[in-house]
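Next up, some structures in structure tokens.
What follows is a pair of complexes built around chain A, which joins chain B in one and chain C in the other.
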Partner chain A sequence: MSLHPANLLIPLMVIIPLTCALLLNVLHGKDRTVKIISVVVALALPVLPLLAGYGTQYFGGYVPLAQNSAIASGLPTSITGSALSLFHPAITYFFGSGQKLMLFILGVVALFSIFASLYEVKRPSGVYTYLLFMLAASIAALILTDDIFNLYVFFEIAALTQVGIILVSRVKGNYETALKYMILGGIASPMLLIGIALLLGVTGNVNITDIAYSIKTGLVNPNSSVLLMACGLITFGWLYGAGLPPFHSIKSAVYSKALPNGAAMLQAFSVFMFVALGIIILRIFGYLPFTKVFIIGISLLAMVLSITMAITQTDFKRIIAYLAVGELGYIGIGLGLGTVAGITAGLFQAVNEVVITAFLFLGFGTVLYKTRQSDIRKLGGMMFESPKSAFLVLLAGFAMAGVPPLNAFQSKLMLIQATLKAGIPELGVIMILLSIVTFMTFMKAFYAIYLRSKPKDLKILEKKIPRVTMVAMVAFLVICITFGVFPQLAIGYLQPLAAGLV
Partner chain B sequence: MNIYDLIRRRMKEIQGEAQKEEPVSNISTSSVLTAEITLISTIILAAIMLRFLSMVLMIFVVLALIFVAIMVMPVMPKLKREQNDSLASMMFYVVLALGIITILFYWGNLNV
Partner chain C sequence: MIMDTQSASLLTASSLIIIGIFGTVFLDNLIKKVIALGFVGDGANLFLIAMGYKAGGIVYIFMPGMSRDWFAQNASYPLPFALVLTSIVIGASTMAVMLGIIIVLYKRHGSISASKLLGDGNNGK
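Our next item is the complex of A and B:
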């Protein structure tokens, strides 16, 4: 076991929110205690990744024999001289610079989602904060783990937590959507598990580094039919987890049936699941040319279907939900290009999207808070009711569309440059075209909600937007501007991760 | 009849099938028109990437897509109807996707 003090913080990034979640569930009803514990732990979420040192953590086993002379000295050379000495006989968590940035961003989004959930209601719910913390812990594990079965376990926990977040939202139609999501998950999750089982059957391993090593060095036949089938099934599970077609409709429905602060966390799960499993697919099956072709193809499909669906919607929650799914396509194109520049740009886009979509959900959530209405045909005149919030939402929309000097401008520009370098300018043109449509879609919603005159029958509640929500929006804006003006701040963290995948 | 009117008529037809009494507004028709143009142009641009396989195939597919797009326009109202929240529809596409992916990954990885 690695005993470097900073490395002990690696498992704590999962254990702390997990323990807090369990505790809050028990303490439901004790409002003051729930609030205090939630605030303290939520504040710790973005701080822990900043304090933790880079390294590897091993659970329930020991370090590879090649690094462990104490155990290796007593073993025969048939073991120590073989690939077995390099394998990881433990659940391994890896924490590098890319993980640091992603966990920090996750921590910030979780912090403000939890704060908004605590301060937008009169009585904080222990059960609801339990769900948010559990989801934060699961996403952290997805980012850190180097064990594909461990990833599946946390993926399942996250999937159930998402259902819980929808169930407690009290939004009309939430039960039906949650049930549909579970039924579709009932098809996709077992497929992912079968894919992992096939991979285990062929390679005898669930550690991703070891599986990739076995395939690369020819310990297993790379063109084995079972391996190809495993690739297909794991990719299918990836589509479900991330909300790519054909799961884009249910994913957007899921976002729209959650409370805005819950939706901010749900989209963070989708993006990080997309990145985590996408990276695993590239690491294990990146040698198969069709894998990258498929990633690009499905990403294009996600962008086109979701963005064209977004512009035809009339519910603003559904509009953001579809736009969020569409933005995943940009990340996928970066990963699918398979170059350092492309993957770095894709990862940068992922980080940006988590922030921007959370920003938009919380921003448009203020409209829901004041009017209890999400149908843009019944809204209007909100600019006069909450001008500060309107201005922040406008900037969030600009960020999503890739308007300079905001963060997505830099990541989308990098993506376009990467497609040009890769000799596929068509992808760059499509991304520009869809960014313009994203901008139009956002402006359509913004005009209907804020700029149009207020409908006579629209009732606006005399409630002040909670200060914590405004602070959260300003914090997200600061991140958007910082990464937009100084993109190297993020790229410097993400590039080593991308370079390791090529 | 121009494309705008064509889209408005098709939307009315589809709304009629769904027995909705909502009017077709300018904003919804313009949105569908934008989506329609985006969809067609993106598909044609994506088809140009077939040049990596064969230039002749790319020219044939692009021309065929332009012809099909003109013939079946507007596609978006139908596509929107297909992407509804019905469980049956979602299940159909999920099972279809599973079948396509497993076949493609087996065949595609051995042949691409």
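Our next item is the complex of A and C:
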């Protein structure tokens, strides 16, 4: 076990928000104390990944036997002389450059979501802040863990936290949506668990590196029908966790029933779940001929279904929600191409999407904050009520559609170049067309909310937008411009992760 | 013996999952739906625990007098037993939250019919 202080920060990225969440739970009613603790811990979230050194964290100090001669010397040769000596005996967290960037972006989104909630929610000491910290901890664990059962546990915690975030939102129909989501999860999660159990049964392991090693080196038959079934079941869990078809409709409903700052965190969970489990599928089942084709196919379906459904919506939260699910398709196409360029572009798109969708949720959330209205048919004239916010939302929409010099332009351009390199230009054409539809859908909502004349019965209930929300939007814009002008800043971190998957 | 313990466990697990999925899809009463989901979860847990079964094996507790070689060859695999405990806790928490939501919905609407509360015409869509 490495005792380097920078490496000890790796588990703290999960432990600190988790402990903070539990602590806040016992401070109910003490608003001031909760605010102080939340601000301090939220500020630490983006800082910790920057300070942590790259490496592997072996929980309990249980390193593989090959690295621990003291224990290995007393064991029979049937263990020390076999692959067992290379396997990881306990939960392992891996922290590389790709994880660093993703955790930093997660930290920034969590920081501003928590700040916005502290100033927008009437009682900061309620369960809402607790839930946001719990979700941040769960997502961090999903990104870091190299253990598929540990991933399942944090996925379940995150799913329960999502339900909590919907339940406290007091949006009409939130309980019904939460129950629907849980019922679907009640089937999808056990399927994921059975997939993991099958992998355990075949390889004797739940560590992802060890499972991939066993398959690659022929310790288990790679064409075993049990492995194929495990692949199918884990993929089913992946579709549910990330909100891909046939779960795209319930996922967008989940976003729309949450408060905007909560929805920003929920979409971050979906994107990182999509990436984390997508990478696992590629690492373990990437050798199967249909894996990449399936990822591309389901991604295309998600894009087409979600973006076309976004056009027909009249609730702006639902519009962003569908667009967010549709944008997952771009990431999936990058992963499905299976090339270094494609996976790097997909991961870059994932990072960008987390920032842009959070930006849009907070931006449109200012309209909800001022009017308590999210139906675009009943809105209008908000440009004159909050011009600064309108300008920022417009830029967020440009970023999502891939307008230069903003970040998604670079990632989408990279994706199109990767499809051309892979000899599938048709995918590039579809992505361009869907980007245009995304832009049209966004502009339809923007026109209805900001540019159209204000309806007579629309009441402005809050005059001022909280300053912290405006600061958050400016911060997201800075990230969008920075990654748009200097894409190498992000690509440099993501490329090693992509190269390790090919 | 008609079948060994592991095969019987896997068969029971499959039956629980199939019955559970059938109940979840076709039953209208939300409480019954939750019970059916419990069947699916229990089936998955039984499936997981069956993976640790070793025919003729012993419980994985290293007792004085046992040789390491003999223990390594005869003990059942302990990992699934540890994992299934976590899974049971998760299942219980999920079920508690679902039942809590159903209680709230019942107080609001006076019904626990899925088609009425979660149907297409409802806001929860």
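Methods note: the second predicted complex is superposed on the first by the 495 of 502 C-alpha atoms of A that agree within 3 Å, B and C clash if a C-alpha of one lies under 4 Å from a C-alpha of the other, contacts with A are read in each partner's own complex, and residues count from 1 in each chain.
To be clear about the criterion, a residue touches a chain if its C-beta (ideal position, glycine included) is under 8 Å from a C-beta of that chain, and two chains touch if they have at least 3 such contacts.
Fair warning: this is a prediction, and the values are worked out from it, not measured in the lab.
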Taking the superposition on A as described, I'd like to know which of chain B and chain C A:290 touches: first, second, both or neither.
first
After lining up the shared chain so the two structures overlap, which partner does A:458 touch, if you call chain B first and chain C second: first, second, both or neither?
neither
On the A-aligned overlay, A:167 touches which partner chain: chain B = first, chain C = second, or both, or neither?
second
Looking at A:253, would you say it contacts chain B, chain C, both, or neither? Reply first, second, both or neither.
both
Counting only touches as set out at the top, which of chain B and chain C does A:311 meet: first, second, both, neither?
first
Using the superposition on chain A described above, determine whether A:15 touches chain B (first), chain C (second), both, or neither.
neither
Examine A:187 and indicate which partner it touches, taking first as chain B and second as chain C; both and neither are also allowed.
both
Would you check which partner chain A:78 touches, where first means chain B only, second means chain C only, and both and neither mean what they say?
second
Count the residues of chain A touched by chain B and by chain C, then name the partner with the higher count.
B
Contact-wise, after the overlay, does A:44 reach chain B, chain C, both or neither (first, second, both, neither)?
neither
Can you list the residues of chain A that meet both chain B and chain C?
177, 180, 183, 187, 191, 253
Can you check the complex and tell me which residues of chain A touch chain C?
74-76, 78-79, 149, 153, 156-157, 160, 163, 167, 172-180, 182-183, 185-187, 189-191, 193-194, 196-197, 200-201, 204, 206, 253
The chain C residues in contact with chain A across the complex are 17, 21, 24, 30, 33-34, 37, 40-41, 43-45, 47-48, 51, 68-69, 72, 77, 79-80, 83, 86-87, 90, 93-94, 97-98, 101-102, 104-105, 108, 117-118, 122-125
Which residues, counting only chain A, touch chain B once they are in their complex?
177, 180, 183-184, 187-188, 191, 223, 225, 228-229, 231-233, 235-236, 239, 245-250, 253, 288-291, 293-294, 300, 303-305, 307-309, 311-312, 314, 377, 424, 426-427, 429-430, 433-434, 437, 440, 444, 448
Using the touch definition from the top, list the residues of chain B that touch chain A in their complex.
25, 27-28, 31-32, 34-35, 38-39, 41-43, 45-46, 48-49, 76, 79-80, 83-85, 87, 90-91, 93-98, 101-102, 104-106, 108-110, 112
